[in-house]
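Think of it as A, B and C in the order they're written, each chain with its own count starting at 1.
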Amino acid sequence: MLLEPIVPTVLSLRRIPAADPALLVAYGADPTRHVALGLVTCDQDDALYVALDEATKHAAVDVVFARSFYAGSAHASGRLSGEILGVIAAAEPQAIEDGLAALVACLAHDACFYDADGQRGITMFPHVIGALGAYLSRAAGLPAGEPMAYLVAPPMEATIGFDAALKAASVRAVKLVPPPTETNFACAWLTGIAPGDLASCEAAATAFAAAVVDVAARPRTR
Amino acid sequence: MSGTRALIAALRERLGAADPAPPRVPMPVVPAPPARVYVPRREPARGDAGGARHTTALLAIGHVGTRYATDVVLQFQAELAVAHEAVAAEVPDGWAADHGFLPLSSRVASHREFLLRPDLGRRLAPDSLQRLRDQAERSPDVQIILADGLSATACVDSGPALCAALAAACQQRGLSVGTPVCARFARVWLEDEIGHEVGAKVAVIVLGERPGLGTGDGLSAYLVHGPQIGKTDGDRNMMSNIHERGTPPPQAAERLAALAAAMIEQGTSGVGLDLARVAGEVERGYRPPQVRQRLVEP
Amino acid sequence: MDLSATIRGVRYRFESVKELLGRANPPKSGDDLAGVSARSAIERVAARAVLAGLTLADLRQHPVVPYQDDELTRVVEDSLDEQAYRAVAHLTVGQFREWLLEIGTTGATLRSVAPGLTPEMAAAVCKLMSNLDLMTVGAKCEVVVRANNTLGLPGRLSSRVQPNHPTDDVLGILASMREGLSYGCGDAVIGVNPATDSPASTAAILTAIDEVLRRHQVPTQHCVLSHVTVQLKALELGCPMDLMFQSLGGSEAANRAFGVSVKLLDEAWATMKERGTSRGPNVMYFETGQGSALSSAAHHGADQLTLEARCYGLARRYRPFLVNTVVGFIGPEYLEDGAQITRAGLEDHFMGKLLGLPMGCDACFTYHARMSQDELESLKVLLAAAGCTYLMSLPVGDDIMLNYQSTSFHDIPSLRRLLGKRPTPEFDAWCEARGITRGGEPGPRFGDIGVVT
């Protein structure tokens, strides 16, 4: 159904209580601070990026690794691969547990793609983060706690959608990633021109979603 | 938690897509289905070497999805209604006397009690017992008892004719038949008490049998030699399916009289009776292929 | 043993376990006729309260017919699996009910304790259970048996084709059978009740059916439901026989009225193992039904539910392929109306499965019982949902020989579609290959009598 949430699936979820230092280094962790790892694969990469960031707000964990796989979950290397592997690291296994709990809750109830054409033939990710955590704030170059619209859609829909979002509210582009990406979507991160302007981020995301639905319904117009 | 879910739900509402029902499919063109008519004796179905004509089972009626066609449903319901009506029917007050029977009743007081208490249906009510003692002829060779059993309809419709034919057949063999009686709310074993009271050599009870689908007109007859309370089913001989599609009443009367005569001659009944000695007379006749009646007129 | 309970200040006392079992029974006209039922609704609950406090060991020690008086009691007692019995003997009937209902009590667990249960235990716990309780536990019992077919696997619903004929006209019988097969019915058995109980007609019917089944390679089994002595004589005539049938009663005296004994049944089983024509190992078929013992005055003052359970206690000695309760056949003096027939069907299925039998049900009524066609259809759905192994199937459910109403050729595929069930795997493959079904849905030759010639 149109605009129904498409809840992401956690395909695998494992812990390493005391990881080998070589592995820690290879996956971007710091052996002097990190001991335990939490590893997740998921069938929606952007939902997991948001969920990983969410974990950093609830536990003393760092997101040390998060990479989308080529061509998305429909072309995965195995049934547990999905389209992303995310790794959080911490000094204590308990912090990993707390972080994973927040991450799983975020995937189950918050961050997700939506059906943009009523048949799941076109999907989009018009997510608004109320307050950035340590991971995405560093990636975006914004202070932690700032709001941000995290917008993803297929190439044509996304391009029309980004334009609509930028014009709909007083927001600015933090990052615009034209297609192709690893999963062949396009992505934009927008934040308020004034710091802390959540309402503008929401208005931009809504305009983006409406534009994507419109392109999906009317792919050709003059 | 972010507010994204609520945000998108609001957008869905605004776009008029909040109705959770799936989109309407194009209006179908609905042609009237072909007539699937219940035909009692139908032409052989494809690949059927005429087998369906050897049975009254409802075969080759087709199907609608996995269910019955409407016409079959109506026919079926009519057959069920006929059966239920036959079970629920009662012999009208005064009917027995009007048709020349001495009216008797078992100890059963109501139709429901009749169904639930077979023990009461096997014994005479005190006033009926007195009437039998006062008015019935003593010591006949054969005591004929008509009874409602599980179909008063069959009892009333074809009972008198069968009883008259049976009496005539007995008399033709030189057997006396005594006073004809008709018992209400009666079970088979009631013949033991009645036969014993009048001192009959053989008691025959003719009663409406449990109806089948679409039928309520069948009679059964049970015969016992030396009737008295305590006789069991092994002491009896019986004939069922007495109706036009089974054994027609005139033939049934002849065979029942032959059985009664054999019992008197051999001095026993039931498992002790040597049927081989009367085989020619009581053997079941040829039954032609059956036809089911259409109850709902087209 | 103190058998009493107090409700609202009134003390209800019961003389014996047997009396208690009768008073605790849900209303049945047959128990009223026998004079063993509760005299009020409150007394019934009082009896159940007392029963709930008895242990399963108490029930083993108090069979409703004493050991020395009855060979059925001896069969059950002498062959009880002591290890299985010890696993549950300490439970009260109330605790036993709760244990049965626990999610963690699986079909495999129930199968392992079944040989340690006596019929009286199954009957006792049955009296404490509601209809949905009976379905919940019945559905998790797994009893899988094999003859030519594998019956009782999860997700399967099988059926007996019952092509009876008032004069045993073989062409008429075959016509009904062929039509039944074309509706995907008959994977449990092709079973004919003969009008004439003679070895010659039994052999003639079996031979005719066998020829058609072999020619079309139908993976099922056949049976003619004449008396066991008649079937033994028919075997001597050299006819094929996949399953051997007998009606059972709940006491030695009731079986005497049926003309059978443990000795005779042992002999029949031994003969079938040697001369039966199905692959096996399960080769016997039994029918039962509440009220049969009372109808031959062989009930020993016990209630009809407990006597029914005792039939199953005897049946399991013979590792049968089929057991079914002919639930509404015996008449309203035993089960008066739709509610009583429905209850009895679910009870019998539950007790049979609990005791480890492949339980089917002839969901039916006679035309003098107070049950409607709609009520009967509801019962079929309840039984199928409760995992009943098989139901009967006849043309529009009408038995033209025995004059009663049962399940139809159309009902079986309807129930299978409704509940997502399939026939036995072997028969399923046959239906798919013949075009009777396609992917489990009615196929191009569904309902076409010509599919089997």
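One rule holds for everything that comes next: a contact is a pair of C-beta atoms (placed from the backbone, for glycine too) under 8 Å apart; a residue touches a chain by one contact, two chains touch by 3 or more.
All figures in this text were calculated on a predicted structure; none of them were measured in a lab.
J.: For this structure, I'd like the pair of chains sharing the most C-beta contacts.
T.: The chain pair with the largest number of C-beta contacts is B-C.
J.: Please flag the chain sitting at the greatest distance from chain A, going by CA centroids.
T.: Result for max centroid distance from chain A is chain B.
J.: Please work out the Cα centroid separation of chain B and chain C, and write it as a whole number of Å.
T.: 27
J.: At what distance in angstrom does the C-alpha mean of chain B lie from that of chain A?
T.: 77
J.: Based only on mean CA positions, could you tell me how far chain A sits from chain C in angstrom?
T.: 59
J.: On chain C, where are the residues touching two or more other chains?
T.: In chain C, nothing touches at least two other chains.
J.: Please output the residues of chain C touching chain B within their complex, sorted ascending.
T.: 29, 32-33, 163, 165-167, 169, 171-176, 178-179, 183, 331-333, 336, 366-368, 373, 394-396, 398-400, 403-405, 410, 413-414, 417, 442, 446-451, 453
J.: Could you list, by residue number, the parts of chain B that touch chain A in their complex?
T.: Residue list for chain B touching chain A: 1-5, 7-12, 15, 17, 20, 22-23.
J.: Please name which positions on chain A make contact with chain B in the complex.
T.: Per the stated touch rule, the residues are 1-3, 5, 106, 109-111, 114, 118, 126-130, 202, 205-206, 209-210, 213.
J.: Over in the complex, which chain B residues touch chain C? Could you list them?
T.: Residues in contact with chain C: 45-52, 54-63, 65-68, 72, 76-77, 79-80, 83-84, 86-87, 115-119, 150, 210-213, 215, 241, 246, 287, 290.
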